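Next come two complexes built around chain A: one with chain B, the other with chain C.
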Partner chain A sequence: MLGAIGLALGLSVIFGEPRQLWIGWLLPLVGVRLDLDPLGGIFVAATGAVAIAVGIYAVGYAKREHWARFPLITLPLFVAGMLLVPAAGSVTTFLLAWELMAATSLILVLSEHRRAAVRTAGVFYAIMTQLGFVAILVALVVLSASGGGDAFTTIAANADSLTPGIRNAIFLLTVLGFGSKAGLLPLHAWLPKAHPEAPSPVSALMSAAMVNMGIYGIIRIDLQLLGPGPHWWGLTLMIFGAVSAVFGVLQASVSTDLKQLLAYSTTENMGLITLALGAAMLLASSGAPTVAAIALTAALLHLLSHAAFKTLGFLAAGSVLAATGLRDLDKLGGLARRMPVTTVMFGIAALGASGLPLGAGFVSEWLLLQSLIHAPHDSITLVALAMPLSVGAVALTTGLGIAAMVKAFGVGFLARPRSAAAEAAREAPMSMLAGMTLAAAACVVFAVAPALLSPALQRVLAVLPTVGGDSAGPQIDTILRLPGVAGSISPALLAAALAIAVLLALVLARWGGRHRPPAMVTPLWACGADSLSPRMQYTATSFAEPLQRVFDDILRPDTNVEVTHFAESQYLVEKVTYQTLMADPVEQRFYTPVVRAVTVWAHLVRRAHTGSVHLYLAYGAAGLLIVLLVAR
Partner chain B sequence: MTQATYTGVLDLAAGAFLLAAVLVVWRRELRALVRMLAWQGAALATIPLTVGIYQADAALIVVGVVVLLLRAVVLPLLLARAVGTEDHERRESTPLVNTTTSLLITAGLTVLAYAVTRPIIALDPSPATRAVPAAFAVILIAVFVMVSRRRALSQAVGFMMLDNGIAATAFLITSGVPLIVELGASLDVLFAVLVLGLLTGQMRRTFGGTDLDQLRELRD
Partner chain C sequence: MSALAVAAAALQVVGVLAGAPLVVGGMRQVRARLEGRAGGGIGQPWRDLRKQLRKQQITPRGTTVVFALAPAVVAGSTLLIAAIVPLIALGSPLESVADLFGVVGLLFLGTVALTLAGIDTGTAFGGMGSSREITIAALVEPTILLAVFALSVPGESANLAAIVSATENHPEQLVSPGSLLAFVALGIVIIAETGRLPVDNPSTHLELTMIHEAMILEYAGPKLALVEWASGMRLTVLLGLVANLFMPWGIAGADPSLLAVLIGLASITAKVVVLAGLLAAGEVFIAKLRLFRVPELLAGSFLLALLAVTASYFLGTPTS
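== the complex of A and B ==
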């Protein structure tokens, strides 16, 4: 049976890689129109690549975790839905594929439905995703009704005839709908609940591939079909993006749950991508197409690299979870000795997520910063104000991102194990490692040789003329050069220099080591205490404590300190209990009132449901009579 | 068949159809209800038979015969069997609305049916469409029966009357539905009655009676 499951997953993987079909290709079925252009192609390729890594990983994961058959069958369906979304060429097909993706992902989130946390997350996710779908549905139906056709090409041809009011309404609705899928700020609440509770391969698929579809929707509808639009469109996207990025990374840096940390990091990265898209929009509408093209390239490149490192991150977190049963960083530790390969893999992912040089996210974040810095300052006050502020937001995000990732890697994998479960960890099986290796290879490519992606990106830019895509984008070669802007960088040369430096240092150390006295083993100084125990190590909570103190007003942690004194003297302390509960402040502030109002309404409506069949029949009869009388 | 006979027979059938519905509202005895239903089925079958003979349409006559067999013979027999299994439940228990008020409401509903169907008659005034208000009144009366009766079996009778009313409206407005449509609708009703019979038995075993108000306990 497992062989058959492996085959099914393999098929999904093979199906998941129509990379060779990048050139527009048409498949008119009955009402289903697939029209894959380079823009959709890059998303299909990213999804397919993620699916390959996850598919190979899931073979081992399913065997180890005894996955039920139903979620396993749903997994290829989910992938198929995600592949169809960017390939859809008409509004109907798009909505169909979107709903397929949403429904299957919900089933997958609920695959461990015996735990209460999973059920709560599932309900939350179902409501959010369906509300988002309603927004998208209304927007796209309005678009196709006023755009004179169902196919995207027809709408694009008629896009100029739309009135500004309709354009603005569609823009706002799509940003809300797609933003909820991408996990942008006020609508992100499902993401840190659903992603950690789903099985790890599913988390990887959702976090690395599904959220991209939200970005795809924004690019396709708002950037490509509706054109650059007025200034405030770009500004809205930038604000959404900046707030999501900063908030996401703040939550990530104080989170102690490994998978929740990664989920918040997804919000952060989607925020950065949206910020880049908004910047591209604003720059294009204020007459700086060259810089806009750089911002757009940054968005696309970051999207791809995020897919790579987030897949790897969730897969590595999944093998930690499978090996120890723990997600709490405060209880992990010491995994570097016990699971060396997984540790290296997570290290690569963390490096990518932190945006440091030689990490997968570096090149795109560098491009984004360059585009923000080199925006024309003299043209419009709005641009001149927005750009420096967003540089600040990106810088803060990156800095906090490093803290979050150092915490995840350092506390989770280094030092000594903090619990028995972490001590008993064993390395993941071969297929899980193979899946992770694939994702890691992609990360390294993004980090060291982004030039390989250059032709693909150029073609994508070419189909986005409304946001400055037809002007020359940045030349991603061995050395990155930005046209019209002073700035260049070469990740490959950086990597080579670093490798040479490390080699030199090793050789010198070996050479110098001969003159040193031999090493001695002496007892550690433990500040006068008896011995050092693993509980004395830095934990994730203590690592994030300074940050939590600085951002106290935003994070609003619920801290509880209880000091128990000895009965004899109140100067001697028997024990101290310290408890911090990190809740999502946005969720508490915005969602609680809404949920309460809905509950009140539901109670009112429930009064009409007495359980009497006759009353229900009478409702129907009264309705029929009213309709008859009104329609007469 | 002359025009005058045709109109006369059609009006008579529609009148009998409506009268059967009013009698269902009046009577309490379950066996009597089933008998009324059989009469109503016969009146319903007369409509396509008359139209078929008048227009010399063989398919319509076949439909009429099928309707006659099903609604005047098979379905009432099934219901009668359901009644016969229990001795102490021969009568409808006290209805939610008493008989006098029920008859008044029925009269009101009939007037309402005549009022709301005026536009339909105005579209194409013919003997057949002039009988539509009677069929429509039966639909409304059937809904009222379902709302006001307690026993599961009288609910089934109300449901069948509802379906009879819909079928009669269809026959009168379209002057004959295709055979396949009529067969489909009739089979639906047959299945519904079988399911209702099963459910009634189930209810009797569970609650010891078929009073629908006991279903209230099922609410969460």
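== the complex of A and C ==
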């Protein structure tokens, strides 16, 4: 078992630093072509970095949770699959790596297959990911057939000769297929099921690295190979992104399951990235390549910072799960005293996810907003309408994201424990903490010194000329300046200044301290009654109740309040039961009819299955004849 | 960056520190007089602060470092905002460190710190206040950012100095529909962010109707003093910011003379006093909204901000 752990670790470390192999890396195998350019390189590097943190973490986690050997062997395979996808240089290699990634992740999701919820999630995931794969398969086969070759480089050379009809078809299919992998609406339903049910290191890999591959696909095929495209391409991506972002964060803000909340937050962040990509496309096609470059930088930077804070978030949630056996925020609480390091780690992740200053997500969201407000507004009405609405969507996402993260951190880690399991929590072992520390260090870099990533981002932008990548991108230095437009920010100086200001405030609070009696600890204010019980605290459900009420029309919670009165008087209440069920409304509306139709079809088809071999042979012959007729 | 520009920024911080309790006291006095009471006088908040700062430090049982540090984070972020925004002079040394988006982010950082402190107490009231505060903050954010967007259109930048000097050089922009709508939208969100009527009642004593006050119920003594001081400073800074965004006259330039700094100080004091007086007088005539009517108010302000952006896009006059 330890050997397998070592393998996981070794593989992740080896693949973690492929930066030296970035440019012109060509390895033709038998039908497998790997061609790693800076665009693929940044995704490989991100995946590798996530894998290192997860690999170290998994050592302790696997020991603590008594993992079987099988998932331990699959884990490095999964990482390898994810590293191969962005390294693939041809359509066949890409599809093979994609399928390796999908199959191994499915096995890992199912590693705790004794629980029914895991099995349901697994089936859901399997179906959705394979349907997405079909869309990608068809799109890429059409692309390579009409692009005159299997390798991406050949296709890129012939890309101009494609007809608009084929381009549009490929665009729609790839957006659907890759969008379902990235967890975009309405194809997101697998994500909040599969990510929470997988073991936490796997959730971290899936949420921080695998969903990126969907974004990679969109960038590679739609932005790089097919060019900026007409206006409606960018607009479609923006709408997909905005809807996913708002819906994802709304679900996250009312979710009471710690890991599900993080999974919905993944949908949200992928939505923001897609929105940024769409904006880059729209801006490039309406003649503003400089601003498009800002939007593209925002997308890439957000992708990287999301990988960092989401890894950390899932790993910290995994520590909580391992220590308490709980994911339900309504039963957690009080972990700050019992698991201080994990609490700090989750705090860093939550700060990053909320997009506040000093958080990992701040710089990229700032870049995105800057690119949206600096769109040229005198040329096209469409742009003039799309940009304010996107700013509104991004802002609402940020606002609700703050609420969701305050809930996750505040209710989950602060206050007093709401259950015996949370009360008995113990800090995670060293290797788990070490894995988290790595991810936390990455978060701090994104928050305070994004300048360190600037050279890498510039090189990636340079290979994306169709969306303004060849024009000068934003200068990410100590002070971050934008080219062509006035606007600057400095996360490092901001952090330093804030630290000074907080110290100043602390000094102010000392004023008059000489006259003070020594400090003392007192019980909490209980309105004069006896001491408060932990059950009187606000829970995650009650914390999110105002938001749930405000967005009632979208969320459609199933609430059931039952009041039992005393027999003597209807004004006296004996007990109240409150039940609320948050189901995914999109899933209910959109998926249920589809599933029902498929079931009806399956029943019809079953009539043909009589068990007679002769009949099956006849089916085969008829099918062959039809194929021959069609293909004639 | 001259020494005077640095001095002007320092003066802003000191002015906000010293002036915030006076602004709060003045608003209370205006209300008291309009309601027919004598009032405690303008200096009362200062006297309260001094009294609380001398009291014993009290740590409620079971609270963590989050509770202990939140007042300092709120006060610190507000002081930083006071140093960044152009109140007296344009050329703050921190001007390029954060633009208007950064300022909004700092504002939310303070809100989040207090919200977490409210949850950290582990009482029903703390959680209740935090939950309400964060709900309102989440709904305020879109309006603020859209208003920033609308303001950034004429100056083509979200940096504060650029916005203010654009308005100074083209005063005719102020009467454009975009600017007026943005002003109203920003006004509503500032009322919501600083917890004034009709969103929250700062002088309420009934816990069930509280938002901000419920969150800080467990604070006492020096920590309470810091929290109250900080919320006064937030109000003052935001009023000053709105005043200078829409009426920038009198503000000193990026490289000011001593006289210009003094004029800037006098003009911003006058503007804040007038705005605070108007706000206090307005509050006399309105009652607190039901909590679940507040989102409607905020949705309205969001719509105004959206109209502001589209109006400045389609009707805006080119500045160059």
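The rule we apply is simple: the second predicted complex is superposed on the first by the 581 of 632 C-alpha atoms of A that agree within 3 Å, B and C clash if a C-alpha of one lies under 4 Å from a C-alpha of the other, contacts with A are read in each partner's own complex, and residues count from 1 in each chain.
In this section, a residue touches a chain if its C-beta (ideal position, glycine included) is under 8 Å from a C-beta of that chain, and two chains touch if they have at least 3 such contacts.
All values derive from a computational prediction rather than experimental measurement.
> Contacts for A:Val391 in the overlay, against chain B (first) and chain C (second): which applies, first, second, both or neither?
Only chain C; A:Val391 stays clear of chain B.
> By residue count, which of the two partners contacts chain A more extensively, chain B or chain C?
C
> Mind working out whether A:Thr522 is in touch with chain B, chain C, both or neither, as first, second, both or neither?
In the superposed model, A:Thr522 contacts chain C only, not chain B.
> Kindly classify A:Val445 by the partners it touches after superposition: chain B alone (first), chain C alone (second), both, or neither?
A:Val445 contacts neither chain B nor chain C.
> Touching A:Ala434 in the superposition: chain B (first), chain C (second), both, neither?
So A:Ala434 meets neither chain B nor chain C here.
> Looking at the overlay, does A:Ala403 come into contact with chain B only (first), chain C only (second), both, or neither?
Touch status of A:Ala403: second partner only.
> Quick check for you: in the superposed arrangement, does A:Pro534 touch first (chain B), second (chain C), both or neither?
second
> Go through chain A and flag every residue that touches chain B in one model and chain C in the other.
none
> Any idea which chain C residues touch chain A in the complex?
17, 50, 53-62, 64, 66, 69, 71-73, 75-77, 79-80, 83, 94, 96-99, 101-102, 105-106, 108-109, 112, 115-116, 119-128, 130-132, 134-135, 137-146, 148-149, 152-153, 155-159, 162, 207, 217-218, 221-223, 225-226, 229-230, 291-292, 295, 302, 306, 309-310, 313-314
> Give the list of chain A residues in touch with chain C in this complex.
Residue positions touching the partner: 253, 333-334, 336-337, 354-358, 362, 366, 369-370, 372-374, 377, 384-385, 388-389, 391-392, 394-396, 398-400, 402-403, 406-407, 409-411, 414-416, 479, 485-490, 493-494, 497-498, 501-506, 508-513, 515-527, 532, 534, 536-538, 542-547, 549-550.
> For the complex, give me every residue of chain A touching chain B.
Residue list for chain A touching chain B: 609-614, 617-618, 620-621, 624-625, 628-629, 632.
> Taking the touch rule as given, give the residues of chain B at its contact with chain A in the complex, in rising order.
Per the touch definition, chain B meets chain A at residues 96, 112, 115-116, 119, 140, 143-144, 146-148, 150, 212-213, 215-219.
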